[in-house]
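After this come two complexes, each holding subunit A, first together with subunit B and then together with subunit C.
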Partner chain A sequence: MAGVGSACLFAGLLTALYAAAASLYGARSGRREVVVSGRRAIYCLAGLMVGATAVLQSAFLRSDFSYALVAEGSSTDTPTFYKATAMWATQDGSLLLWALLLSVFSSTVLFLTRRSLREIAPYATAVLAVVAGFFLLLMVGWENPFGTLASPPAEGSGLNPLLRHPAMMIHPPMLYTGYVGFAIPFAFAVGALITRNTGADWIRATRKFALVAWTFLGTGIMLGALWSYTELGWGGYWAWDPVENASLMPWLFGTAFLHSIMVQEKRGMLKVWNVFLIIGTFVLALLGTFLVRSGILDSIHAFGASTIGVQFLVFIALVIVGSTALVISRLPHLRSEARLDSLLSREAFFLLNNLVLVGLCLVIFWGTFFPLISEAITGTEASVGPPWFNRLTTPLALVLALLMGIGPVVAWRRITPAGLRRALMWPVLATALVLVALLALTSSAERPLAQLMFCLVAFVLAVVVQEFWRGAAARRTISGDPWPRALSRLVARNRRRYGGYLAHAGLVVLFLGVAGSSAFLDQRDVRISPGERFTSGGYSITYLRPTATLGADRAGTGAPITLGAVLRARDKNGKTFLLRPSRNFYPTQDGSKGAIGRFFEGEATSEVDVRWGLRRDVWTAVRPDISALDGPIREANAKFGDASGDVQAVVIAAIVERYRRHAPPATFRAIVSPLVSWIWIGAGIVVLGALIAAWPSPEARLRRARSLYAARLGRDLRAEAS
Partner chain B sequence: MEYAAALIVLLCLVAFVVVWPLLRGEGSPAPDEGAREELEAAKEAKYREIRDAELDLQMGKLSSTDHRAIDRELRGEAIEILQRLDELERVTPGR
Partner chain C sequence: MDPSRKRKLRLVVALGAALILAGALIYTSFSASTEASTPSEVVASADPGRSYELTGKVAKDSVKRDDDRLRFVIADRDGAGSVPVAYAGVVPDPFREGREVIVSGEMKSGTFVAERDSLVTKCPSKFTKEKTASIGG
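Let's look at the complex of A and B:
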């Protein structure tokens, strides 16, 4: 079947080229049937990519090691869930996932716009086809996921143990959906520029794709953070790692874009800025895809060096140069249709928020690429660490939070200073109360920046509550509905606005978690024996006993050996609970380690144990010292190297039991991290807000209500016109 | 062999799908069809803006003077869209 998969790719490449050529010719010649043919080619491309993916997935699920990719990234003992998701743990598989998602997204948007945007859509089709063609060319020319081995091994290497985590398996498709989703507004922006249709039509047609992309990208970033927190064993969720930064940058640009397009829709302003933002977002998405596997920057998330770095960089350069030239050539058509009426207007605050978001992105870009820049200039690679990022991004995050609070209360076009004072009175009062409570009840004054962030969080939440309250009150005045009904109708009729406010609330809740956990974190690293104890963040933690199991790791990753510890934590009030951190050991295929030794000297991963809590998390990891087992392992290698598998299993069990009975001191890391759970809760609220804002069709009754409103308004307007 | 056979079959299938509209001359509906959809979308967006401004007035974000000015402007823009739709309706009635 590998031949069928390869044929799907090559046919896909030819189909993408045809789609691009037919769409361009159709648009230039005005022959609609050729444009339709080009659009249909994109549908075919989606079918071909689904076929190719099905072939590869089938090979993974069957553990068909004649496929080089399956032999490299899976094994018979890899759990089925991880076999099904191992495709995107490899570079070739990731490229196929990109092409699959892009073709499906492209087909969807082209189907939805088949009767509208008649001038723009063909050019957008061509752009999407070229992007898809690039990824297909990479696979056909350099990284074919359907490459086969002349002599397949009996067993595969297995999926990288670090990737055997549910969040990590969902994380790449989420990120890629985000990256790919931004290709849609990018393509339509290019189409709008080419055809000089620079109004808001292309934005209206693709806004929801941008929102969906933004949501998926954000969710992917958070899943990556969760994976880092629970799998990597260092205890943090964000390390300002190049790959993490590479996913954050397009999200920041995308956030700016989602706000800025509202200004163009409402006022016909910021047209150049909007095309700049979407081009930037798409370029950063390509850069993010490239960085994960390029190996050009050291990263804990980079799993293998790329052989397609040059091709990627050439493509990114072409996108930048081509798009910039197009924007410059169309500048006369991108003039604003209106002027900023007042600095106290929502559009002015959107512009400020955009500048802060882009500023954040520039800081992160500089810090991420500093090693390359310094090497190019000085010949020595130097890098900036998390303190540098924290020092520069914290003030910008504070300003962003402030703008998130003020923006929603300001009306479009203008608000009077008196109106602004009125609108902010209650939120400011609520913030003052929170500040007093913080000073009286907590030690937050020791960390002024964190305290400032807590106050801003309170301010934004107060603004959001006030907006919901005032909106529902206004509806009640009109309809006389009870509060819950008025609130639900308010949100249903203004999904975009109130979904956005909820996303703001979620984001500041996330900021609350970040500020609390980074400013008040308490970390201890100790090496202790069973029976000994240490303290961390007000908890007394005792190492009760070691644990050692075979084939029974709690996370179900398929690890044959798990060594760990049982800890008892006691808080200041005497309340106790148990923690069971462990470390999984995966066998290596390296024969030099010996038949028994290879089970202990392969990859090992931390399985941390976290006591989750709304006030604080107690996070623990253990690193068992297995050097004491070197002697018995050497002896077992010599005596049982040629023994049957059953005998070797018994020997391994005996060595593991020996560790349990005579455990040497183990190294522990314990972190007591306040408020960290609010990061995940905040992210959930953001997703909820985005879902409300993007929800496709209103309920039938609402549609009827809107139609009635539209009919009434239409009658009024026609009467006014006549 | 498997590769060549699969490629031929797949390309034939794709060719059938993409050539069909060329043979049938599909995709040549009246040029106003797309314009109508775009105008309808623009009309909906403008109505939404008028409703937003009303909500802002009710919530006290806009003074009644500011709201009157904004509403007048938005209604003027909406009338322009309606007139273009009427024009389209006159050219191709009954669609």
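Let's look at the complex of A and C:
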């Protein structure tokens, strides 16, 4: 079966090459049937990728260890959900996922545009085919997921326990959907440039794809942050790690792109800028994929010395050079149709928003690649840490929040200062009230930057509420509908605008969570015995008793041994609740630790316990001290090394019970973070806003139906005439 | 002011702002960065009071806990030099003897005193290297 998989990959590579060649030849020579054949080749490629993925997935689900990938990434005791998702936890499998997503998305967009964009589509097909071909070449030439082992092991290494978390397993498909999604507008932009069709056609055809890609990428980033918060033992959600940054950079460029295409659609301006943005977004997406696999930067995902780093770099360089040359050669066709009339205009604010987003991306890029930059300039490798990133990105984030408030009320072309004052009067008043409340009721003045952010959040939310209210009120004066009907009609007629406003609201709510949790958190690290207590963030936390269980891992990750603690937290009003942080121990295959010792010496993960709350989270993690068990483990290794599995299980149960009875002091970390839940809530609101903006509107369906009817009529008439 | 002069003025202002940002970027990054070094480098030529990012392997049988400080010895990848480390803070899950780690701190009389929570461990398998870092500033 592995042979079938490999054959699918090789056939896919040939199919991609054919698709590119056919599309280019068909476009050049004007032969439509060759172009159509090229498009059908992409459909065929998608089918081949689905087949290859099915073969690999079935191997994982069957735990077929003759596949090298299954042997290193899964095991018989890995729970089924993680067996199914282990495919993209490996390098080779994730390349296959990229190829699968790219071929399926390409097929979708080419199918939807098969009757329109006749000039641009062939070139877009060729570009998409070349990108797919690159990933297939990587797999066929270097990292084949279907490699087999001559002598399959009896048991696999198992999925890395740190990854056994639902968020972690959806995270790669979400990110890749985002990266791949941006390849579509990129391909159509290149096609538009080549055919000198530099109006807004390519934008209109692909902007839904860009929006969907942006949403998935953002969700993937948030899932990574959620995983960090709930699975890793440090209690934070963002560490400015190179891989986190690598996924954020294309998202920032993508956000800028989503805004500036509106300027091109409305006023025919910013054509060069838009092309530059989409090329940049796609290159950053490739760079993001590359960074995770190259080992050039020390980080959480560094796959060590990688065999495909150089190839990625070459491909990225080719894309940059090729695209730049193309843009320069088409500059005369990219002239703006209009000029910026006034700084107090929506165009100007979109441009400003773009500059801030690109600036933010540049800051992050600089900091991420600083080890390489400093080595090139000064000869010594140096790096910058989270404090530097926070210091530079905070002012930019504040400016962005301000723009999100003013932008929606500014009109196209020009708004007078008086008009602006009128539009912002109520929101500014609301913000002033909020500031007074903050000063009077809370101690937020201790952190002026956070307080400023709180005020800006209030400002943006006030503007969004005002815009919804105004729009609905205007509707009511015309149609006399009741409020709910007016609101839903308003949103339905202007999905893009009001979905966007909702996304703004969601994003500032997210900023609220970030500001609150980073400025006002209280973190305590203590080492205490059962019965002792400590305080953190206004809570008094008592270590009630240790826990020790076998095979009862709450998170369902398949850990045999779980040692933990029960904590009781009491707040200022006397309300109490329990927290049960624990630590899962996974066995290692390493025989040198002893038959019993290997259960304690393998990987261990922290299972944190968080009490979620709208006002604050109480996050706890425990690190039990098992050094006292060394003696009994050594004895057990000597006496029961050759015993049967059942006997060993009983021995382990006894050792684990010993921990429970005579627990030494354990190390705890407790963090009380105010407002951190609003980060996740805000992200959810952004997704809701994006969904509303992306939802097909009745007008679009009507337009599509009309144009299809006209096309059919034209065909019939032509058929009659000939 | 006629439109083309206005446009030129805007361009100048924009470029000026970009230059200021670039300047802030370059200045702050070079002054706030920590230098990456190996144990033998840091033993031989560390400036006291200067922050370094030490990379190397945890030496065998060198891990000891006293109270809430973790003490271990970091050796070069090829085993040439080594330096004792005193660390306080969260220890990442994959931390073990023989694994590659990165820790930031300064040299104080022969021992590398690490910054709190700055220990990062690379997982030996293809994946994750777990990082613990200080939150906020």
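Just so it is clear, the second predicted complex is superposed on the first by the 691 of 722 C-alpha atoms of A that agree within 3 Å, B and C clash if a C-alpha of one lies under 4 Å from a C-alpha of the other, contacts with A are read in each partner's own complex, and residues count from 1 in each chain.
As a working rule, a residue touches a chain if its C-beta (ideal position, glycine included) is under 8 Å from a C-beta of that chain, and two chains touch if they have at least 3 such contacts.
Since we're looking at a predicted model, the values are computed, not measured.
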First, second, both or neither for A:D571, with subunit B first and subunit C second: neither
First (subunit B), second (subunit C), both or neither touched by A:A382: second
Touching partner for A:D481 - first (subunit B), second (subunit C), both, neither: neither
First, second, both or neither for A:G471, with subunit B first and subunit C second: first
First, second, both or neither for A:D77, with subunit B first and subunit C second: neither
Touching partner for A:G419 - first (subunit B), second (subunit C), both, neither: first
Touching residues on subunit B, where the partner in the complex is subunit A: 1-7, 10-11, 13-14, 17-22, 24-29, 31, 33-35, 37-38, 41-45, 47, 49-53, 55-56, 58-63, 66, 70, 75, 78-79, 82-83
Touching residues on subunit A, where the partner in the complex is subunit C: 72, 89-91, 157, 160, 162-163, 232-236, 239, 241, 298-304, 339-340, 343, 355, 359, 362-363, 366-367, 370-371, 374, 378, 380-388, 390-392, 518-519, 521, 523, 525, 527, 603-606, 623, 625, 627, 667, 669, 671
Complex contact set, residues of subunit C against subunit A: 3, 7, 10, 14, 18, 21, 24-25, 28-30, 32-36, 53, 55, 65, 67-68, 89-94, 102, 104, 117, 120, 122-123, 125-137
Subunit A residues touching subunit B - in the complex, by the definition given at the top: 1-4, 6-8, 10-11, 14-15, 18, 22, 32-38, 40-41, 43-44, 48, 51, 115-118, 200-201, 204-205, 265-266, 409-416, 419, 422-423, 467, 470-471, 474, 477-478, 493-494, 497, 709-710, 713-714, 716-718, 720-721
